[in-house]
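All remarks here apply to the structure that follows.
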Amino acid sequence: MIPTERQAAAGDSGPERSLRVGVLTGGGDAPGLNAAICGLGRRLLPLGHRLFGFRHGWQGLIEDDAWEIEPREFSDLIARGGTILGAGSANPYNQPERDVPRVLETIQRRRLDAVVAIGGDGTLGAAQRLADEHGVSIVGVPKTIDNDLCGTDFTFGFFTAVERVTRCIDDLRTTAKAHDRVMVVECMGRHAGWITAYAGVAAAAEAILVPERPVELRELFGRLQVLRDAGHKSAVLAVAEGARLYRDGVLLSTTQTDRYGQFLTGGVARMVASEVQREVGWEARAVELGHLQRAGRPLAMDRIFALRLGAHAATLLLEGRFGRMAAMQNGEIADVPLAEAVARIRKLSDHFLDRYEAFFAFPNP
Amino acid sequence: MIPTERQAAAGDSGPERSLRVGVLTGGGDAPGLNAAICGLGRRLLPLGHRLFGFRHGWQGLIEDDAWEIEPREFSDLIARGGTILGAGSANPYNQPERDVPRVLETIQRRRLDAVVAIGGDGTLGAAQRLADEHGVSIVGVPKTIDNDLCGTDFTFGFFTAVERVTRCIDDLRTTAKAHDRVMVVECMGRHAGWITAYAGVAAAAEAILVPERPVELRELFGRLQVLRDAGHKSAVLAVAEGARLYRDGVLLSTTQTDRYGQFLTGGVARMVASEVQREVGWEARAVELGHLQRAGRPLAMDRIFALRLGAHAATLLLEGRFGRMAAMQNGEIADVPLAEAVARIRKLSDHFLDRYEAFFAFPNP
Amino acid sequence: MIPTERQAAAGDSGPERSLRVGVLTGGGDAPGLNAAICGLGRRLLPLGHRLFGFRHGWQGLIEDDAWEIEPREFSDLIARGGTILGAGSANPYNQPERDVPRVLETIQRRRLDAVVAIGGDGTLGAAQRLADEHGVSIVGVPKTIDNDLCGTDFTFGFFTAVERVTRCIDDLRTTAKAHDRVMVVECMGRHAGWITAYAGVAAAAEAILVPERPVELRELFGRLQVLRDAGHKSAVLAVAEGARLYRDGVLLSTTQTDRYGQFLTGGVARMVASEVQREVGWEARAVELGHLQRAGRPLAMDRIFALRLGAHAATLLLEGRFGRMAAMQNGEIADVPLAEAVARIRKLSDHFLDRYEAFFAFPNP
Amino acid sequence: MIPTERQAAAGDSGPERSLRVGVLTGGGDAPGLNAAICGLGRRLLPLGHRLFGFRHGWQGLIEDDAWEIEPREFSDLIARGGTILGAGSANPYNQPERDVPRVLETIQRRRLDAVVAIGGDGTLGAAQRLADEHGVSIVGVPKTIDNDLCGTDFTFGFFTAVERVTRCIDDLRTTAKAHDRVMVVECMGRHAGWITAYAGVAAAAEAILVPERPVELRELFGRLQVLRDAGHKSAVLAVAEGARLYRDGVLLSTTQTDRYGQFLTGGVARMVASEVQREVGWEARAVELGHLQRAGRPLAMDRIFALRLGAHAATLLLEGRFGRMAAMQNGEIADVPLAEAVARIRKLSDHFLDRYEAFFAFPNP
């Protein structure tokens, strides 16, 4: 039986000293953030350590906005979407003269022994600088729904996003077929096409457009024409929001802004749908999944993955191995220097793209 | 036990003459179309009548594009989204001189005794004219996911669309809460706010904007400010694509077209989100659900509802009661003259709007 | 716009006197209970009345276990499964000498002007007797996931249960087909077959066994043999837990008890599967859906339906129309005497069963 | 862009000889089987090879029941549950004198160059013996929803089953809370507790009972009493069907058979619920998920995983590396000798169990 009394812990004489640990979740939210907090707390609290939750990423440390997380708050936390800490893109290095001292003061005032920063390259970049420049004891946990962070095979939230997109494409086939239409589905991914590629493969999208491979529209039209000639009456295209479209070698601008100057996502899918309809003569419609991709409860696998990363962050912290980030490497939980994670964006490999190119080149007549 | 051998049918001496019936599904697709076809066929075929499926609405009759539907095609048809007949907005009265004679020729060539037209006001309007002007034996089945057709309490597909939107709003709350944000969710409904109102009520949207009630933006800002003052940190607004926004009494144009002249849905939600963010100072994001609202399998209640309508259409036809439309009235399956259905758009009643106004006026402090 | 400030309420001079209202949810839980509480509170509280929630049905009144429900508790309550009040089958008339006086004392001590009892025939039966015998001002709201209560067309929770079962059958077809098997799915319904019949029709079950129609096993075997002869390789049977099975005219006992004397649900499905496998020679497996049918979030339509019933109960109460139950009649919210609801169990009508018998008698060759 | 024309293939001069490959899916079905077939076919067919699908596992080879799979059958096959080949537990080594020669004859008659066997230890054990004893060119793909096969980190279908169970537990919490009850959820896993452990952790089950750790009931009661004392009013227990229960050191028999001698699953959950109710005095109910765990569409990750295994099987075959099984090792697609996979059942490691014991020992007060 797994969850008996933890005899080992009971046998412990307790930690020499109760540690005071701060935790924050920076950047956009991703399904699994609460599970990561859970993994951290469920390892630390039974050992007598204390956990302080800072609100809205680095903002909570800049403004000393925090509360002590109680054991009962973990009850079914692993299953919940969003983050109880609040997300947010504040970064002390945006105004370092003002905000870095504030962060350091909060750490001192709260007598924090360590800070666990859960976030993407922005959040972890600030973490690394605070560690390097001011000796703050920091451990990182990678978070980006886009899966484009270095140093880890996967990031949590990604599996959930892929599942959402896949089910949407599954469903959209019914309306595509009813209307003999092309549905162009825009997925998250400004710089890397992970979500688009995985969901596109899983849902058998007839074409997948990712930032890693520039798209010459005439080639896309050609491929669609092959499908039509082979008798296909409907199709679904999976398009990353950061896909780069070329017409006769000229890059098309896909970022549209509305009358208020707000960034118009949906630009790429709309453009592709318009072009397909006009040039191929195949009725086409755009669907932009947007925030739905990060909304709601995490998938079980993301819960467990995030829980394990959070627990490993606790282990790093207890072992005094600061400046490192919990990660998945070769299917196992491991850790890497923080610096490695924020070095650059991790893109789909040529190996991956070549492999699936072979797969998808197979027109179903 | 319900599905034993149908002794009654077995006892019948069979129909005097085997009828030849055509069926078409016009307009946009809605979950439940296949169930309606199922209801029609499962009543007609065991009695020895024959059913011919015309493809893509009236187009199939204009071009005589049809096949005879076999019993085995009904197997699990009730459960499937889309329509095996294909949808489509062709209308013989767009070019009546050319296309009305073609429809009549198809009916004659196929020796059809009757035609069952499943569709919205466009499809049924053509049906009514063909009946009135050319004596075609037509029975109608109402279809609009928007639920804005007269003569029936509800239309199938509507319940499924409401469920989809409701679940999306449920899910979007997690990301709204993580970011202390307003999420503005755009729902189908150009002329009536049924989907928006039902899903908004079911998901406890903090504000619901429908075409039936013009929205003065300053009032909306005021209500949001009340919520904030009461301690709300996030909110979800449900907005119909046809909502009419006024700024200081002036109607704002919400229909945007992109660089290709294609209609930009998402206009209303984006506009509301931009305005809220700028004027209330509350971070806001837009989500446009689009085609997801009509994609995938129908809800059980829509399957049964559509099945019953289809079966009632068969009854009307067998009883020679042409020019009528199957409908739901006071919770029961009934029928009305086709003319009644296409008279005007059915909007949310003042009664409904007043009732929920009272409900939603209750700020949760 | 629906949810603006409620000017009407603001214009009111307020209630003459603030009413104190108790509410309880008795019997088993059903999706929508929280929405009903929501409908009640959202009508009462803005008018200045107060609402006291009693825990676990009549038990809360017997033991005076209650709290005053605050406006903020309604926030997203409509969307949540279960019941914040707790369910429970306590009945003051089990030990009337002891418990009826206790209930009356609680009502007096709390100075309750009225009690809203949400429940099935047990809960409402006690409500009616308290009203009749002791003049307690009671309003009822019908609740049974089984949909077998008189006086109302439908009960909330039923639509959600039907949807759950339907999706389970949809899914189980994949494994039935992979193994050329018959899956026998046991649904709730001891006395009436509503869930089984609706889900069975919606998911195109090959046979539906309900308590209203005794099942002679040889007839069932015959029907399955017809399907096999027509080329069917797999099938799904929907069976109500209260289905009555006969072998050669002799009723079979389907209630099994385990070694602890606990009632073994699953008896009917297992028995049918065993019999089919042995007598028809068609591999068969049983699945018992059990508590999954009432678990989780309510469907949007159940949320709105329950909300409206709860709001109507508030209206009855405010108008002093006690001893009545909110209900749906002919598709509209209405009310009936409490006595009507608890008179007898409402079963599937012969009309319904005959209609679908015709449908299902159609073997798909 | 990923799916362009496959220039590489076009450049090929084509295979020297078109290979004829047989494929079968043995044992019980698992979500992802169709995706594995897809991966195999989408690699083989564009190269000019031919694929023959044998029905119902080894039965198809024993009886030479097969068809040639056409390219168009792959269209959206990846997304579908079940297996187009049919599953089945036939094994030529059950009656080797009769059936092994038949298999060899089929291979000869069909002029198969290789056979791809997708299945668990039974199916792969026969594959290995046919390879060893008769030199059949065989490649294996591991399949067991239980994830208890050696030689691979995971098996497809497992992730889908974990997700199903997790969502069921999520949902069952609402009814557990409404009734202050313990819900005991029985999961697949006769010999290993993978599904139970993963879903139990992901859904924060209050106790997890797996075959790997014998359960002394008094310890379980003690743990539940600790939870109650800490204020827990409801709980969910995840129990593997193969969990071993002891009372005062004596193993309890949990396999019950019904009056027809059919194996009664549900034995363990019912027993645990009965014992908890009687000994702890906490109301308890059992839910048995059964076939729902393997029904319906696969999760995106299982689709991709299975697709990759199927494609790797094609690679092994094209490279003439027979007698091997495609597998996942350290997060990467790899391969191992068939013999390794069928050696023994892979159980949850002590490492895993110890880690989560620590986690779950943390009572939420």
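Which chain is which? They are A, B, C and D, in the order written, and residues in each are numbered from 1.
Just so it is clear, a residue touches a chain if its C-beta (ideal position, glycine included) is under 8 Å from a C-beta of that chain, and two chains touch if they have at least 3 such contacts.
Keep in mind that this is a model prediction, so the values were computed, not measured.
With contact taken as defined at the outset, there is no chain that touches chain B as well as chain C. Most remote from chain B, judged by the distance between CA-atom centroids, is D. Computed from the mean C-alpha positions, the centre of chain A lies at a distance of 28 Å from the centre of chain D. Chain geometry summary: the mean Cα position of chain B and that of chain D are 41 Å apart. Taking each chain's centre as the average of its CA atoms, chain C and chain D sit 36 Å apart. Across the assembly, chain C contributes residues 170, 173, 297 that each touch 2 or more other chains. Put simply, chain C touches chain D in their complex at residues 28-29, 31, 33, 56, 80-83, 86-88, 168, 170-175, 177-180, 183, 256, 258-260, 262, 264, 266, 270-271, 273-275, 278, 285-288, 290-292, 294-297.
Contact residues on chain C toward chain B in their complex (touch as defined above): 1-6, 8-9, 39, 42-43, 45-46, 71-72, 74-79, 153, 159, 162-163, 165-166, 170, 173, 197-210, 213-216, 219-220, 222-223, 226, 297, 299-301, 303-304, 307, 311, 328-332, 353, 355-362, 364-365.
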